[in-house]
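Each of the next two complexes has subunit A plus one more chain, namely subunit B in the first and subunit C in the second.
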Partner chain A sequence: MSARPSLFSRLPDKLGVLIAALVAVGTMLPLALLRANRIVPGEALPIWQALPAFQAGILIVALLICVIASIWLRVPGLRLGGAIGGVAILLVLMGQAGGYLTPAGNDLARVSPAAGFWLLLFALSLTVTDALAKMKLRPIWRILGVLLAGVGLLLLLGSGQWDDLSVLREYQVRSAAFWREAERHLLLAFGSLSAAVLIGVPLGVACFRVPRLKSAVLNLLNIVQTVPSIAVFGLLIAPLAWIAATIPGAARIGVSGIGAAPAMVALFAYSLLPVVSNTVIGLENVPGRIRDAAFGMGMTRRQAFMAVEVPLAFPVILTGIRIVLVQNIGLATIAGLIGGGGFGVFVFQGMGQTATDLILLGALPTVILATASAVLLDAVVEISESSATRTMRA
Partner chain B sequence: MIELQSLTKIYDGVTVVDDVSLTINSGEIATIVGTSGSGKTTLLRMINRLVQPSSGRILIDGEETSSIPAYELRRRIGYAIQGHGLFPHRSVGRNIGTVPRLLGWKQARIAARVDELLDLFGLEPGEFRDRMPHELSGGQQQRVGVARALAAGPNILLMDEPFGALDPIIRAKAQDDLLAIQRRIGTTIVLVTHDMNEAISLGHNIAVMDQGRLLQFAPPADIIARPGTPFVEALIGSEDRPFRMLALQRVRDLIEKGPASGPAIDAWANARAAYAELLWSGREAAPVQEGGAPVGRITRAALQSQAEKPV
Partner chain C sequence: MSMAILIRLAMLALLAVFLVQPEVFAPFFALFTTRGAPPIYVQSDLLSLALNHMAIVVTAVLGATVIAVGLAVLVTRPNWSEFLPLSRALANIGQTFPPIAVLALAVPAMGFGNGPTLVALFLYGLLPIFENTMTGLSNLPPTVQEAARGMGMSDRQRLWQVELPLAMPVILGGVRLSTVIAISTATIGSTVAARTLGEVIIAGLLSNNIAFILQGGLVVGAIAVLVHDGFVALERRMSRRAGQG
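And then the complex of A and B:
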């Protein structure tokens, strides 16, 4: 036995074994689905039928390397590199399968990623997340990582690699609508978030100062949080329609029983609880002795609030904002149901037409946006925490 | 001079401080000692009006404190608390500069003052100015806490269990440092503690409190020799009385001429430490030196006479 440190570990990595099992199953399952048109059931094709022999070989070898790396490779950086390479190869070859399977000149036939592709993507993403968690990257590198992933995605889509796949076929016929709904989706998510922050943070401060207000407000918001989102939309139709009809000018600025207004109001209502409660908790967590010192030094109430309480509560408030943003990006999908727009439009249209590809056109951007926001804001929270709260916990 | 006149504080019908009057002379250290719940911290916090008295008044140098806005009063009085209460999101320098900044000092003057205080407390300014509080040891944090309290050069410093969070060795060092700094800058200090040893070794006068009432306010020797109530006597502890008396004296005041053998004792050591050394080494007398030079001897008999109850 040599004493020299090895790149490889002697014992297999537990998660690595699980990933290997997932990859094995994923390789067996069909990679692509070929259908005569967008609605009919189609033919599921495994890797060796969905790709030319050479490319299928490349994919299988790449997956094999990833499996070995995730089981035995000890250095997280190398495992990360391997898994990212694996994802890239999988994505590019999936696009290749689109071109390979679509009969020349046939605009109706659809090739879409099938169970095998999704399982492989999941297994490789698991390796990426695990390696990233083990590397304990500084927040700034995580932010950079998200930006790089975004650039990678844009390159992949911009290069036309995926143009023959069904999701992009759906996109090509409604690209104008896609960007319009994307804009609306972001407007709903960020608009309701901004309103919730503008109103929720002062409300949280008031709750912190007046304990009786606190229990009343938090209880009410807790109840709001438990009402199913669809029910909220339903409940809002009558009052908003009444406002639009009664108050002059309300209809002109876009208030109506259905559409964007009730969606905005509902998202705002759901956003309030995390913002208000995190503001209260953040302020309550400022240690009594630090507040005592601030007043003992001769700070006025306002000075103590701005110079001590707000900076120390900030990371917790930011955590509330992160919860709301991720939640709203997901929830905004429901707005599609009541004519509020957003990516939900494609999801519900797709459900109506039993067109899975159209559902994906709405769902995939939502998932990607929510994930990216979560990672970005987690990093920002960590940056703000590092200076403020470390000694508070000690 | 701080004059407390008939101070009373009632919380929800419970009297926590009951009709306390006492006068603290300028440049002196007054320690307030008592068990928890004795009202000692509330009494201290009434001086800078973190607690509003229910009745009674406080005069500082003849001026009634209730006539000044509370935040202005507090900027003129240093305040150091247990566990230091440093602002965790601000550097050591910014922490120390808190009150000067509130008073609107110029940047350059604040910076100079911060460095001066770091020096005074034995913290190299270049090394410590920009550190964050969590990067300091407990003893260093405590020193920064006191430096921050002294930043604007207040005449009065209030300290609430300032050494409570320190381990015994660092604590003794911190107490010595405080005495040295107080001798240098002459600040009037009011210090709250639950530790009778600390009260005796630091205070020119000791206020003993129990259940909101002031039982006795007197110099340490008086408190030990003539405890005013059974409670004060119990707090002193009858077994420890002679040794507490000894602890109040310095060896240099008891030196006599004559020979003695064995290791020397420092003239600035307290008499209790010297007596312990003589007992332990089985000697009747020991040489005394000051600044390394022999200055005479100290004898067991001389020490014992100091341990007797004064008449």
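And then the complex of A and C:
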């Protein structure tokens, strides 16, 4: 027997078997849904009817390769490559199904991805996630990976491959509104985050210094978090309208009872707790001996704070910011309910018209944004942790 | 009886009176209405809304507890450790999905009503319980594990009689987090016609009636605070018992 490690494992991989089962079911389920217009029920088509014979063959062979790779291939890098290739082929061919199924010159017919597509995408993403988790990539590679995935997505959208799919049909008739709401969504999520950091971090430092303040502030913020978000959004309408009407100049800088202002204030209120409490925890976790050493070196209180405490607490504060950003990107959708704009507008319009494509137009960008920011900020937190450890050693 | 307990009892009493006899509070909520709008939501019975709200929350959190604890126990066994990185990553990614997106996307598949809310709350509940169970199971004192093995306990006996009871306070902490999040998130379910207290808030948003928004928000907030404190008390008692046992 040779001692050289083999590329293939002798026993089938348990996860691989699970993924194979998912892919098998996904192949049987309909790949695409063809409807005469955007709201009537449609006809569900399996792979071999949704695509021309040649493309259907390519897809099935590609899926087969992915399944074999995930059951017997041992090297995570190769499994990752295989699964990413599979996802790319699935995405491109889904777009082709749109062109193939739409009758020429028909603007009303809608082709949308069906259960089979989503299950296949889920199964392949499981393989990608598992391979990535096992490879334990350095943070910098994870950041590059997210950027590459973003470029790939933009290329796919720009190439017009998906133009015949229903979600993009919805986009084409309201592209101006889409970008306006996208801008509003980002403004809400990042604006409230910046305000929460500007106020929350100093507040956290104050709480760390004054224990009595700490319990009062944290208790209050905890209670704010238990009030449901839609109620907070709604309750802010009246006070803000009052401020706009009574305080001179408030209306001129955009304060008003409807629109973005209540949404912004509500997101800010929700963001404060994670920022303040993580700042307190981060500062409390700085080991006492390190603080003593800083004073022993002759540092003043202020110097010790800036040179030792802040850098050491930074990763924990950054984790709080990560929580807030992901939470805000999700919560900003609720602004759509009170006229605050954002992607939620499409979600709620879509629910009102029972138009799934329109819901997807609002939901997909939100999910992609939230997941991408989570992965990016997790990587940045890890980088800051290793530099904090270096500070501690120095 | 301490001050803290008295405040909570008073809160519970207020909540109970409000759910059974909301008209008692009409003069208070009338302060927030304009042009003679109704101060109290009467379109449906508040008590039945609250009960249905809690039924959805309890069902979703129970489901999430069974799956998340089961999964955490499974991936901490040596034979199934290859699933550990994946399940951790999945629970993490599941948490980044905005609840409103999960709700909206579940509607085409399940129709309007309680179903989509159950799914969203279930998905949202998984991560805190999973993470806490993992922490609880992996931070057991090695001496206790050794002692249990030395007494000749089988793997299964150790899991049920030693590992799970010792990890219970930490697991409960995860269940508490999930429950409190679920109580507040369930209100969003009313945008897709789930019968929850969110109905009151949404009625207020639609008819521009602050009193409705306020009473809906206060009731849900009060329930969340009481449930949170109940869990904390239970955890304290459990960890005291785990420490003695």
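Note that in this section the second predicted complex is superposed on the first by the 384 of 394 C-alpha atoms of A that agree within 3 Å, B and C clash if a C-alpha of one lies under 4 Å from a C-alpha of the other, contacts with A are read in each partner's own complex, and residues count from 1 in each chain.
Everything that follows uses one rule, which is that contacts are C-beta pairs under 8 Å (C-beta built on N, C-alpha and C of every residue); 3 or more make two chains touch, one makes a residue touch a chain.
What you see is a predicted model, and the numbers here were worked out from it, not measured in a lab.
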Exercise. Touching A:Gly234 in the superposition: subunit B (first), subunit C (second), both, neither?
Worked result: second
For this session: Would you sort A:Ile19 into first (subunit B), second (subunit C), both or neither based on which partner it touches?
Result: neither
For this session: Scan A:Leu312 for contacts with subunit B and subunit C and give back first, second, both or neither.
Result: first
For this session: Applying the touch criterion given at the start, work out whether A:Leu337 contacts subunit B, subunit C, both or neither, answering first, second, both or neither.
Result: second
For this session: Please tell me which partner, subunit B or subunit C, touches more residues of subunit A.
Result: C
Problem set entry | Contacts of A:Leu101 with subunit B and subunit C, given as first, second, both or neither | neither
For this session: For A:Val111, select first, second, both or neither according to whether it touches subunit B, subunit C, the two together, or no partner.
Result: neither
Problem set entry | Overlap of the subunit B and subunit C footprints on subunit A, listed as residue numbers | none
Exercise. If you look only at subunit A, which of its residues touch subunit C in the complex?
Worked result: 13-15, 126, 129-130, 132-134, 223, 225-235, 237-238, 326, 329-331, 333-334, 337-338, 344, 347-348, 350-351, 356, 359-360, 362-363, 366-367, 370-371, 374
For this session: Under the touch definition given earlier, write down the residues of subunit C that touch subunit A in their complex.
Result: 32, 80, 82-83, 85-86, 88-90, 92-93, 95-101, 104-105, 107-108, 180, 183-185, 187-188, 191-192, 198, 201-202, 204-205, 210, 213-214, 216-218, 220-221, 224-225, 228
Exercise. If you look only at subunit A, which of its residues touch subunit B in the complex?
Worked result: 287, 289-290, 292-300, 303, 307-308, 311-312, 387-392, 394
Exercise. What does subunit B use to touch subunit A in their complex?
Worked result: 48, 50, 71-76, 79, 81-89, 98-99, 102, 132-134, 148, 158
